[in-house]
Structure formats: structure tokens, C-alpha cells
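Chain lettering (A, B, C and D) follows the sequence in which the chains are written, and residue indices restart at 1 in each chain.
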Amino acid sequence: MDFLTIIQVLDSTVRLATPLLLACLAGLYSERAGIFDIGLEGKMLMAAFFSAAVAAVSGSVWLGLLAGIASSLVLSGLHGLASITFRGNQLISGVAINFLAAGMTVLIAQDWFKQGGRTPSLFAGGRFEPINFPFAEALSGVPILGPIYSELLSGHSILVYLAFLAVPGTWWVLYRTRFGLRLRAVGENPAAVDTAGVSVVGLRYAAVAICGVLCGIAGAYLATALQAGFVKDMTAGRGFIALAALIFAKWRPWQAMWACLLFGLLQAIALRFQNIDLGGVVIPVQVMDALPYILTVVILAGFVGKAIPPRAGGEPYVKER
Amino acid sequence: MTVPAIELKGISKSFGPVQANKDISISVAPGTIHGIIGENGAGKSTLMSILYGFYKADKGEIWINGAKTEIPDSQAAIAAGIGMVFQHFKLVENFTVLENIILGAEDGGLLKPSLAKARKTLKELATEYELNVDPDAVIEEIGVGMQQRVEILKALYRQADILILDEPTGVLTPAEADQLFRILHRLKDEGKTIILITHKLREIMEATDTVSVMRRGQMTATVKTSETNPQHLAELMVGRKVLLQVDKVPAKVGAPVLEIENLHVTDEKGVERVKGINLEVRAGEILGIAGVAGNGQSELLEVLGGMRPGTGSIRLNGSPLALSGAGSDARARRDQHIAHVPEDRQREGLIMDFHAWENVAFGYHHDPAYQSGIFMNNAALRADTERKIEKFDVRPADGWLAAKNFSGGNQQKIVVAREIERNPDLLLVGQPTRGVDIGAIEFIHQQIVALRDQGKAVLLVSVELEEIFSLSDRIAVMFDGHIMGERLPHETDEKELGLLMAGVDGKAA
Amino acid sequence: MERPLKMDKMPKWADVVLIPVISLILAAILSALVIVAIGEDPVEAVNLMVTGALGSTYGWGYTLYYATNFMFTGLAVAVAFHARMFNIGGEGQAMLGGLGVAMVCLYVPWPHWSLALLAACAGAMIFGAAWAAVPAYLQAKRGSHIVITTIMFNFIAAAVLNYMLVNVMRPQGSMDPASARFPEAVHLPTLHELLAPIGISFSKAAPANVTLLVAILACFVVWALIWRTRLGYEIRAYGHSETGALYAGISPVKITMIAMLISGALAGLMATNNVMGEAERLVLNSTEGAGFIGIAVALMGRSHPFGVFLAAILFGFLYQGGAELALWTSIPRELIVVIQALVILFTGALDNMVRMPLEKMFLAMRKGKA
Amino acid sequence: EPALIFDLGGKFDKSFNEAAHNGASRWAEETGGKYREIELQSEAQREQALRRFAEAGSNPVITMGFAMADPLSAVAADYPDTKFVAVDVTWLDAPNVRQIGFAEHEGSYLVGMMAAMASKSGTVGFIGGMDIPLIRHFGCGYAQGAKAVNPDVNIVANMTGTTPSAWNDPVKGSELTKAQIAQGADVIYAAAGGTGVGVLQTAADEGILSIGVDSNQNHLHPGKVLTSMLKRVDVAVYDAMKAGADVETGVFTMGLAEEGVGVAMDDNNASLVSDDMKGAVETARQDIIDGKTTVVSYYENDSCPAVSF
């Protein structure tokens, strides 16, 4: 592989890691607060559809983004209602939300656009355009650093930069603010938070809402930046890979970024090369496709250090039996 | 008359069909220590949790310092100057002491200034009340006594004037408990009001100014401590004359049934809980193991019962038992005629959603008598259940009722019936009468003694010294995973055992 | 001593029948609203679904065909539920079951379908169980959350199947990633063929086949297993209380493994219906999400085989009705996915929304009586 | 009334299925007739859809894509009175099936010529959908055409995947396009169904030319799509519907001569197509029809003389 190919692969790694990262951070907020969320996939999908649909109709990608976030928030609210207010099973709620999104998006798309469950293709204005850094063009000739600057760092949509900025942001919120302290506490021992005079329900809804916003951005990125419109099932398991990355990262923000980049890299490689020939041994593309999932299982098996989830995770906070 | 610091008027609270508090009224004078006693499940914790805003009362009013106060949540309670140390601590295990202290009482949105301020305040409080803790220690790495200090500091940091402590001494050694009471007295001298929940009459008599007694969700009496005595309080607690003496003939001790040598047990977290103990239980005797909760007794019982692995050696009637791997599980133990009445009947001894008759087979479901071909012989099982229900006077005598629908004492009777009726060589018993009323206590004690009189060996673990004294033929005291010493009941007293339980070797002292 | 208060918050029938029915009604109302919202007539839609799915032996044939799938996956989820595990991996296990069935059917010359069916059942169960074995082992020994591992194994199963069909089982020169057709000898009798001798004429075209009987048999076997055998006793005890199981000498590792293996085997068994009974060859995505529908079926059926049986038929009806909608109207097939989501939501996640007020009501009624 | 079964990817894939949809709509508009249709969601539905339509008396039942061959071979015999039309299937032995194949290599040859002529870098790209002989057949014709214009042309060829999802993966199409651009390609031919939407989109975003397939895709990005290789599935469907139950069965191949394949010239790409190009394409077309030029089919010996995949 020559240098330029490597840059190209890394460039697409960044693009492909972005939705994973946003979803992964979304999951991080929710799960750190003790609400497991296997509905990331569904929220992203819903947001992808609504962002594309509204962007297509209004011609404004920003309105699309807002619509995407709003739709994802609605599903978050549903998850909150089920798992916080009604103390239901969080996993089952997540499963339901995934199905709901898979069905509703196509149903609404068909009703609105009559294009077989997709939105019309988005054109300029309806999409997030790449942002080119100053002098990117001019510097591209500089050896090594030039392509890194102009190809790898420059030329992504604003949501990509937003996603990567959200990493230090999340770290700061989690470990340096009152809200973060309480959030982490409520995922470990909600009774401690409750008796300290802080509302468990409020905190958890806040976490679930942040999760919704981030999933909304992730979905909007898929439909209005990475692609130009919504197609059925376009999240293609990304929500689950994000979840895998979250476990891989042991629910920590920086590690989440590296995990998402790793999974993005795997995807980028699998996308570009069908079967990879490693000196005689041919790795079939199916192995590359399955690699993030296999890795997750390996991690869960504890071979790469044990991943201990937030202690109160998955359990509704019940005071009165 | 001074305005009461706390006044509860007509508090009622139900959890579904269970009425935990029934129209309770109580008034606590400022600057006093007020005790609350009552049996398990009497509703003490519930009442205090209502005062602290953890639960919401169905009915009733709360008055603080003469003003009617709504306490919908703990925030309001804290604002009203109330602090509470719960029976089960409410700490975030993987946070530091400092983080736990400021949680919910931060100054501003950023943590840094809050932490700095708390560190300073903590130092002051530590010197003022002898409450030393390392602010940077992580909770899960410090002992329970230390954790309790953190809870008290949490309340003081929030400038509580009214401090509620729910069974604070259950996890403490007598020495630690003494220190706690010193602190409480200092707080009282500063004018703070303290409510102390306990069911240890001695503590009530020593530490409190007034005492309230609860029974079955109702407040049965409030009296000045100086005007009452333990016997009277006990009667108020259980609602009739108390008789805690078990009639028993002297033991006819035979050959050793259980021999334990150099037994070590490590828990899931890798902490060694039993640190090389040697014990012997002989036929026809009851060996009582005394100790403060959490000193390895539970683990000892669990290893013997086949619920967790250990190392060392144990022999039953001379032949060795496996301590780990194959043949060390509870089923193997039962096959070797070891029966086990577990400490926690609801989590271990019974499946709460199973019918009584299903529970009668629990652990013995492999018994050939309960099988017919590849299926279980449910008819035989139900017949057996009927017999046991009758013999042990389980009420209601309905084998189809789910275990959860029996009262605590009757649940315990089902467990005891199941285990004792197996006629085991060795009976392991943990906290046999926890949460069981006096009538059932007598019955259960009689059954245990009867088994011993048949020449069987009994190993009894209990945190109630009274129970240990009245049942045991021999007493061993456990502290920090070690056997501190063995005594004969008539040659020792509560004081000596208390010292042993605190890790102080009575003879050396 | 007086008889203690009955502690159950409400009668058992309310828990088992009333709550699911109310949840189902809520899901149905919302579904109707969805249909109205996309500009269709819900009455018309229901009409179409009912006639399409139940109005002819042809419709019944498809309804029962789908129901057969869902019985297997529903039982799979239910058995795991009894051991308090949430097996989301039915989809992957069923896919692998398909692989097992295909191998049995393709690589062994069978003299008669009945022998082939027995062997295919074995193959399906072994492959399905094998696919559940790793998540089960990791749960039992390493405490890795079974939900996440089974989700991962669904994806991995898809990749395995993909590889097998593209690179191994695809006949020479064929373009689709699918196995060869199974030989005529392993053709399973359809309901048409089964019922004809007793004088009932059943549609020839519908795929419902003899595996329906296998599924019903499986319901009985699971019922007996769970409520009549020692193993079932242990599974239920473990599901209710893990410390209790330890106390009773029930090995958590053993029960976790066995329950998941049974669950995987049941999910795998589904392949005898869709792969052997219907398609008669192995194709990609032959499971069509039935593994997930098993979750809804088990939740609706309260994890009881009879409940699962009824819920499977309900979902079979929804599925066939939905397919009919897609054929004759412009309502996309995804409407069924939405209905399925609503059923899972209401019977599973929002269960308490119905339960809490009902409990209050029963409590008040009891107090009123007392 | 006729019925139409779309392949996975759906009727609005802007490509293969959409062409069929267009043909059917044209028939419906012109005759006022009605037809039934269904978009398949999974492999398993193929047989059900066939049977359901046959049961309901639809005639003819038109299917799209080679993957219907196997289910058809099982179902067709059960409904001897129903006529089936199978697009992209030519190898079945069934008396009541009209099987239609296209000489995609011939049309691809023409767009390959245009690609080579339009390319400034001397590198042209090909992005196929699912990696099957049919798509290699497209790619092979394309490569031969490009080589015919410029023997030194560099051809980069990629396939999207090995399963039907390869027809519907715009993200992958887009990534592969970027990869090919990095390798110097400045004209890319997408023979990948719905995946091609991503290819065309990215090509337009990155300022290079693309070539559409099956339907006329020139309008998707006016002035940025060089041309489209038309595969007149619409005509095939239209004709079959028009013939109705009397549709002639047997195996039919539609090549340049039958106008079954061709290149799309319209206002959207007028500015991109020079007169030179037009001339060259026209000559080549005639030469192929006359047999003066032969385009080697990939099927002949499962290999391509002009490019390796």
C-alpha cells in the first residue's frame, strides 16, 4: 500500500468513524446514567430519515438536522418513559425502538415521497458540504504533511469536526462538572444520588435526552453528509457497532474515540478491498465485515481486560417493590 | 414547653398490600437522642425514610421546629436540616470519599472549587468530631466502619441539625459502637437532635433520652428511657410476655461429626474472608458461632453448605469433603447428609414465586421419592408437603400458596421443616430467627434442640448473642476471619464475648 | 393465627390474560392510528388482512407457515426467559440451523422424507445450539452479557452464512448466493398432501407443512420440560433466584449452558420449516427476522408454550396479512414491523404502564371488600 | 392483468428496477390498464410472490433479475396456464416462461469508448455491484470499448460485494469512487443498481464524470454524468405487458440491433459529448450490428481479454 492509499483509507476511516463516534458518545451518556440503550440504531435511523426528508422538502440542511434531532429525541423520550418512568425492561424497550424506527421510516417515507421508502436525493443546500481548511489546496503538494493536512484533516463536513470535538467535551463534562459527577453517580448507585437530594429521574431523562441529540446528529450525518438522502435501513448495524465500541472503550470518552476509529478503519478496509491477501492467506471480505463483532465478543470474554459496565446499568430504580 | 424539633402527625404508608406505617405520630424534643425500637419489619426504616423524603407518606404531616414542612424528596429534607445514615449505606462505591461528600451539595457547576472547599471543611469536621477519613480513599476499598463515618460526614457537611441513624451498630464491633456513641453525645451537646433506630435494648438504655416502640407498623408507646427497663420494652415490642429461655437437657456429646482444619475462604472480590480456622462439631451438640456481621461467619456457612469454594480440609464423620470443584456443591453436601437452613431465607432458602410444595423439594428435587420416570412426581411432593405443613404448624396450611405469601416466620418454618425432616447428620443453621416473631422463635429453637437430642451435630451462626447463649452447648467467636476463642456458655458472659467479637483476646486482656 | 393477607397484588388471571390483552389492544389502537396517518383506511386494511390470512386455506397455509417459524423462535426465547436470560440471538441461531438443515439435505442421500426430517431436525438443533453455545459459555463463565454477545453473534452468523453461500455452497455457474435445490426425496409433505387423504382439501400452493406438527410437538415438549421435569424445575429456580440456585446445588453454569443450548436448538429447528419445508434450498436472509419476532411472541405468550402457540398464530396472521397488504395496496410491508414494534413495546417495555393502574384497582377493590 | 415483481433494491433504485417500473407505467398510461406489483424484501419472498400472483390469476407475471431463475424453475410448472416473463434469465427449461437476456457487453463497449475519449488522465473506472458473471459481463464490454479507443488506457475495476446487498449500498459506492479517484480515474462507470447512486453522487461532488446504467441516469446530475448505458428493460416489460397473456415464450436476446441496449444522449449530457464521440460511437454501433466488430462476451469462457477482475 502506498502512502496515498493509506491516507485515502484513513480519510474514509474518519468519515466512517464519525457516525459511530456520535452514537457511541450518545450511548455513553445514557449508559453512564444507568440506562442501557440498544436502541441507538433505531434512533439514528429515525434521525437519518427525518433529516433527509426535511432537508429534501425545505432545502435546508440545518432544518433537516433539527428535524433529525427532534425525531431521535422523541424515541429517546419513549425509551425514557419505558425504562425510567414505567421501570420497564431497558433491553426490550431498545429492541422495540429499533423495530419501530425500521418500520416507521419506510412507512412515512413511502407515504410522503412514494419512492419505495426512500427520500428524494438531496442536492446542494440540502447536504452538509465539506469544509476546506485554509491553504488546503496549496499545501497538498508538500510531502507527507501536505496530504495529511489537505486530504485527511481538511475537507470533512462540519459534523465530523463536531463529533471529534465532542470527545474532549464529553470528557470535560463527565469529569469536571457537577452534572458529570451526578451522571456518573446515578449510573453507579441511584439511591446515593436520590438521598443526596438530587432527582434520579431528572438526571436520567437528561442523559437520555443528550443521547437522543447525539444519535440525531449521527443519523443526520449519515443521510445528509455521508450520503445524499435516506434509504431504507441505511444505518446497517452501525448502532450496534457503536455499542460494541462503547464496551470496548469501557464507557470512557477518549477510548471511545479510539475504538470508533478502529472500527471505522475496519469498515474502510472492508469497503475498499474485497478479499485481502496477506502473503498467501486470503481473508474473505466476510471476515472483515464481521470483525468488529468478533472483536467485541473477544473483549466481552475478558481477553482484553474486563469491561465492567456501570453498576446500576440496566436496572430500573425502584424504591417501592 | 420547647417546640419539638420533629413532629410527625398521623403518618401512614403502604407498599402495595403491606401497610408499613399506620397512623403514626411522634414528637422529638430538640437536643435529645431519641431511640426507636421494634422487630424486623415493624416499619422503623420506612418511617424515617419518610421523614427524610425518601418515601412519600400516603397520609400525615411533618412538622420541623414548629413549622409544617412538606418533604416530597430528600432535597427538601436536607434543606430542612435533616440528615440520615441509612441501614444500607447510600454511597457510590467507586467514587472517592470527597466525591461522595459533595455529591448533591456541590457549589456551582464546576467540580474543582467544590472539591477544594469540601477538603477544607472535611479537615475541620475531622478534628472537631474525631471523624478521621482519608478524603481520597475510594469507598469500596475502605471498611464498613469507615464508610459509616463518610455517611455521618455527608450529613454534617450538609449542616444537618437533625441526624437519623438507622441501625448504625449492626455492622460495628462493640468498640467501634462505643466510639460512635461518643460522637453522638458530642453532637447532642452541640444541640443537634438525633434519632437512633436499633433493636438492641442495651444501646437504647445507654444512649437515648426517650424511646419509641413500634410494632406491626404502629407506634405502640413513647417513654422516657429513664422510666423504663429492657423487659418492659421487649414486651412492648412483641406485644406479649417474652420468654427467651430454651428448655434443654445437658448435651450428650459423641464423636466428632464435622472437623474443620485450616479452612480459608476468599470471596468474589478476592478478599480473604475466612483465614485458616479450625473447628470441631460433635454429635449431640450445638456449636454456636458468635460475631459481628461480616466477620466471615456467612462465608464459613456457605462453604460448608457447598455454596462457595474454599481451601483446607473438612471431614464429615471422618471422611473428607471436597472444598472446590466436583463434589463440592450444595447437592453433594445434601447427599452427604448435611442440611442447611440459610441465613437469608428469601434470597437463598426459598424461591419466593414457587408454591410451598415446590419449595419443599428445593435442594432435594433429585430425591428418588419425588421422581416418577423422567418426570417429577408432583403428587408425592404435595403429599409430603401436607405432612410437613401439619407437623410444623405452617399457617396458613395451604401448599398451593406461593412462598412470598407466607409471613416471615412461616416461611422460616417451611425451610426448617424441609431441612430438619431430612434427619441430617449435620445441620447448618444461619440466623434461624431473624425477623421471626417470638412464638415461631420458640418453636424453631425447640426443633433445633430436638435434632441435637437425637445425637445430631448442629452448627449455629447468629449475630444475636441471646440466641447464641440460649441454644449453644459451646460457643466459638469469629472476628476478621479467625476464631478468636471458644467458650462454654455458663463460663462466659456477654461482656467477654463482646471483647472477643471486637478482636480483643479476653484472656490476654 | 389468622390467615395472612393475600400478598399478591392482583389475581393470576389478570397477570396472565388481562395485561397482555390490554397491551395488545393498545398496540392495535396505535397501529390503527398509524394506518390512518398514512392515509389508509384501517378497517379496510384489517379486512384485507383477515381475508388474506384467514379467508382461505391458502391464507391459512401461509399464516400457519409463518406461525410455525414463530413457534420455534418464540419457544426459544421463552426457554431462555425462564432461566432469566434474554436470547436476542434467535435470528443467528436460526440462520445456522438453516446451514445444518442444508448440509443434511444436500450431502446425504435420503430414501424418505421422514428420515430426512429427523436428521434435519438433529442438524438444525445441533447447529442452532452450537451457535448459542459460545454466548452461553461466555455468560456462564465470564459473565459477558448475553444480550450483547447474541446480538454480535447474529451479525457474525450473517457473515458466516454469506461466506458459505457465496464461496462454498453455491452451485457451479449459479449467480445467486444460494445453495442448490434439495433433492426431491427430502421434499416435506405440505398440509395439502397431509390433509388430502382424510378428505380435507387444503391449498396446494401454501407452504405450511408437516413441520407445523413438529412445532406443536415442541410446544408440548417444552411445557413438559419446564413444568414437569427436574431440569425444568432447576431452570425455573435458577431464573427466579441465582443465589437460591446455588443454595439448592443447582449449578448456574450448567443451567445457563443447558437453557441456552435448548434455546438455540429450538431457534435452529425453525430451519426445518423455512429452509426444508418451504424454500427447499438455503438462501440469504431466509429467516426474515423471525428470530426477533420470537421475542414478541414470547413476551405476548408470557413464556408459556400455550401462550407462545397462540401468539405465534397471531403473528403468523399479522405476517401473512401484512404480505397481503403489500401485495394489494400501497401500504408497505413495514407496517407489520411497526405493529410488531408496538406489541413488543406494550407487552414488554411498557408492561408496567398497564400493570400499575391495574394493581391499584385490584388493591382498591380488595380493600373495598375487606 | 399483468403483475411485476421487482428485485431487491426496490423500484426506485434509479436503475434496473426503475427501468421496469417506467416500462410498466408507460403501458398503464397508454392502455389505461392496471397491473399488480411488489417489491421484494428478502430472498425468501420470491417464491411466495410468484405463487401469489399466479394464484390470483395475474398473467403474465414479470420478474426482474437472475435470482428469480431458481424459484421460477420450481413454480412455473405448477401454473402451466400462466405466462412468466423473466428478465436477465436465459437458461431455464420451462415452456411457459419468456426469458429475456440483454447484450450488455455491446452497450458497455460503447460507453467504454466514450469514457476513454472523455478521460484526460488516461485512467477510467468501473464499479460493479454484486460480483457475479453478469456484472463482469458489463465490465468486460466496457474495458474492451475503452481499449479500442486508447490501447494504453488504465482500467480500475471494483465490485461492491458478493450478496444482493451490493445492489443497494450507496456508502460503499461512494467510498469506492473516492478510492478510484485517488488512483487517477476521471470517468467511472457504475453498473451497480442502487449503489450507483452513491457513485454518481460522489463523482459529481468530486468533479469527475460518471456513467450511469440501465435507466437513463443523465438527469441525476446534469452536466456531470457523461452518459448512461441503457438496458431497455422498460421496453421488455412494456412489450410483455402489451402482449398480455399471449406473450411469446422462449429465450430472447436483445442487443444493439434490437435496440435492447444503447447509450443515452440527451440535453443533460449534450455539453459533455463531443461530435467526435458521437461519431465514433455511431460507427462502432453499426460495426457491431454488422458484425465487423465483435465484442467478446465474458460468458464465453468466463474471462475477459481486456481487464481482470
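Just so it is clear, contacts are C-beta pairs under 8 Å (C-beta built on N, C-alpha and C of every residue); 3 or more make two chains touch, one makes a residue touch a chain.
The chain lineup, named per UniProt: A = L-arabinose transporter permease protein; B = Ribose import ATP-binding protein RbsA; C = Ribose import permease protein RbsC.
Everything quoted here is computed from the prediction, not taken from an experiment.
In terms of the stated touch criterion, the partners common to chain A and chain D are C, listed by label. The pair of chains sharing the greatest count of C-beta contacts is A-C. Distance from chain C peaks, on a Cα-centroid basis, for B.
Separating the CA-averaged centres of chain A and chain B is a span of 46 Å.
Centres computed as Cα averages put chain B at a distance of 77 Å from chain D.
Work out the mean CA point of chain A and of chain C, and you get 30 Å between them. With centres taken as mean Cα positions, chain C sits 45 Å from chain B. Residues of chain D in contact with at least two other chains: 39, 162.
Contact with two or more other chains is made by residues 16 of chain B.
Shared interface positions of chain C, i.e. residues touching 2 or more other chains, are given as 162, 166. Every pair of chains that touch is listed here: A-B, A-C, A-D, B-C, C-D.
Looking at the complex, you find that chain C touches chain B at residues 1, 3-9, 224, 228-230, 233-234, 236-237, 240-241, 243-244, 246-251, 359, 363, 366. On the chain A side of its complex with chain C, the touching residues are 38, 78, 81-83, 86-93, 95-100, 102-104, 106-108, 110-111, 114, 117, 237, 240, 243-244, 247, 284, 286-287, 289-290, 293-294, 296-297, 300-302, 309.
Remark: chain B residues 15-16, 52, 54-55, 73-79, 84, 86, 90-95, 99-100, 102-106, 108-112, 114, 154 touch chain A in the complex. Across the interface of their complex, chain A is touched by residues 10-13, 39, 131, 158-159, 161-162, 168, 170-172, 174-176, 178-179, 182, 194, 197-198, 201, 220 of chain D.
For chain A in complex with chain B, the touching residues are 175-182, 184-185, 188-189, 191-199, 311, 319-321.
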